[in-house]
């Protein structure tokens, strides 16, 4: 189980053409690297190729920076969008929440026991810290940023400043309950994950559990997606459902939904942090674990 | 397992008020009946009460007709919508199909081995019988009723004549691929089950699997619902889903969808025939097995 | 949603015979009660009848004690095992845990937000309270009761004393990781719920996730059951599963299992507290919500 | 969707060492091939590496035989177990059945509509052909091979002769209900798929649904596995489950089980035929679609 050698994660996407895998795997072999996992996807519709490789260095002592530099030639040749990361490096995550704290409590628990390795750079809420006295923030900076119609632009500017100044790589809307402006959505494109409490594209907009109750569906769900300026239309990372019945009141759906929401969001975030989720136009490629 | 005494199924719905269960169960007890199963639902929104009882006659020799007659008083008092049926009586079902015959083949198999006890009164298709040479219709009358824009009204009139003349109680649109007119939908209200190849209310209308592919959802589903004049909005009886991934082409979704469609439709039909599914406005009450 | 009138829950089981429902429902009607929910099950194998009724008092002002007293006659006639409880009454639950605190954290969260209404009478662990500094026990008494082979009998005596002196009605082994002695199991029969980290009856005994990995199953699960002296053979209340693959290491199974365990245990406990789970010999009757 | 160029499927397993992917992908690139799909798995426990590649020839006109010959050097160097196949080639499958024909009917349907592309080389049953009058065998040779304790060896010899003489590559025990001898199991090792009507390893042996009913589990399942001489212990390819309740009689479990069995067997067979399922000691590697 223990891997003494450091592991790196390489992801790439590019226009498909023969030779990509050969070039990448030969490069890695020549640099003394061993491929531990590899997944790829050839999107015949968009003509793009996607790949994720987990590797370790078995010969020599190549750093992630040296490998990155050496990789630049191939990246140029094949016009790659790519990332190369030390798997052990904890990525920096900013959490945005409301008074509905089930996803927050769940993410904090997974973070504390090391299930989702990350550095939480801050927690932003439009409710004061007293709302969360039962949760142990363990020194994570908390920012109370109330938002009103009038203050929304300024509040978002603060959010963005915090995201940048803390070196955050991902923002998670963990039942944040505020619609981001087009401007902030654009800035966070591909770096912001939202949990929507419905099985999209059904029941967009407000009060999806009430909509589901009125329509009389037999399963309810939740959807984790990348935030884009197109509300409720961002690329879907993960979805899941639970069976309900005619007996369930809207309150029952809210209760059952909490369990779906927290596990869907946790999976989506974990996959994003492991470079398993990659945007592909309005969709995602997800190399599941 | 063997029950020598005949079993009857009683269903009822009415405005809720105290005393209904007492009146019904006392009536049954006095008639020498034993309650084997009972399920009920009190819809606090509509104020309506729903009940399904399976019973057998343990004393005396009461026929279903005699029981029905005796029950009229209670029915009057409590303003009941109600049915009372011999559980062993095979109900009469008319199947409407297209060239996509996976639901048809599945229903025929379940019928043949006795899993869904029913009398199939006929099979209507807008394709000729040669389309189905690999299926054994076993003497079930087959009606080739081609339909075009111009002939639709006349074709529907034929469907309705067949439904009536065969004493059919239920019509099943087993991937029939034709939209019923408002007129026929109204005539068949509560007596016609459709299988829609999407997880409603997502992806209404044509080519739902292609829509699902374009949207990039992570689960696809199917929906069995009562047909009403409001297309794709009829009361939902059953839904189910399967997980998909970015790798799945629209053809893969169609393939995976067939399995969902056939089991969802079979469950919905079985529940309807067992008086487990009851319309409740735009929704259903389903007393699942 | 708001019910001004108090709601009571009646459960009963008895040898099946005609007239039970009539007698019970007529009794309730005469006492001015309205039946809100009712579920029943006629076990044709054991010949026993099970029923659960949720009711409220719509006429007069009958207390739960008065109703209980009045019900004694019927109970005698039909040889009922029965309970009658005010639905709003919070039941008293004792938690037993180990250092694996995911079920504990989950139950505390559901308790705090009122999802599982209960009075937690204490938390017993064989690890010191420092193990749980990140959890907010909110004044719940904590008992550090280390257990060794030699001290087991004395430790169990302490557990039993705490259970009794706190008026606890249910003990929950929330990943307690200790096998109860036959003596304590017998005392707690029907009042103690365990979460087993496998899909019983597969992988009984120690390290079930490792057993599952070795066997190469494609789904793993968890089982909540009543504790009996027959280890891993107690009546099952709830089970659930997740899909795994050849890629999953034993550690991955442990991680995925945590999510299954906590939701299975939470459901089982909630159903028990709502009188939805009733022991039936080596099995259970569960009137699901 | 249409791929004019033929597609080949390459699978390999070997002791893991650096350079395998580089060697294979460079070889394919130099032969004018493009990789369409690739999946790999590095089993850190056994030290073995598994890979599946779907490729097409984009330059030149290399046949599958020519490619196979050219690949021999790499195969030798890396000590590969490997297969290379034309994806369009229909593989030859022998079906063994009993009077429980739900899996047979299901496989025939999937075969007829082209969902599972295969050549069915024969159907062997210990029941006469009249048992299946409702199924359309469409010219598939049928062999009535009754089996008794005394005739078992001879009957199995006939099965083996048919398997060999028809050039069958896979035998499918589609609810065959006969235990193969160690001898035949050994001969068919890795080439024979069985559907077991339980969620193994729970409820091995006879009447698993009855065992499940007695134990009171809340989910039942089915298991498709490769047949080995170790009964019910063969490497598992696929499993699935359905929720059941205390209401379900053993007959209900048998009914619900049929749906699970047929979909689990169909998936397992399809994956085997697409070279997605590879034996790995007592387990399997399954590169799911």
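Note that the chains are named A, B, C and D in the order they appear, and that numbering of residues resets to 1 at the start of each chain.
Basically, a residue touches a chain if its C-beta (ideal position, glycine included) is under 8 Å from a C-beta of that chain, and two chains touch if they have at least 3 such contacts.
This structure is a prediction, so every number in the text was calculated from the model and none was measured.
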Since chain B and chain C are copies that touch, is their contact same (over half of the numbers shared) or different (under half)?
same
Which chain has its C-alpha centroid farthest away from the centroid of chain C?
D
Which of B-D and A-D has more C-beta contact pairs
A-D
If you average the CA atoms of chain C and of chain D, how many Å lie between those two points?
42
How many angstrom between the C-alpha centroids of chain D and chain B?
36
Could you list the positions in chain D whose residues touch two or more of the other chains?
1, 37, 41, 44, 247, 249
How are the chains arranged in terms of who touches whom: line, ring, star, complete or other?
complete
Under the stated contact criterion, what part of chain A meets chain C in this complex?
1, 37, 102, 105, 109, 112-113, 115, 133-136, 138, 247-249, 251-252, 255, 258-259, 263, 289
Residue set of chain C touching chain B in the complex reads 16-22, 25-26, 28-29, 32-42, 44, 58-59
Residues of chain A that touch chain B when the two form their complex:
41, 43-44, 199-203, 214-219, 221, 235-241, 245-247, 249, 280, 282-286, 288
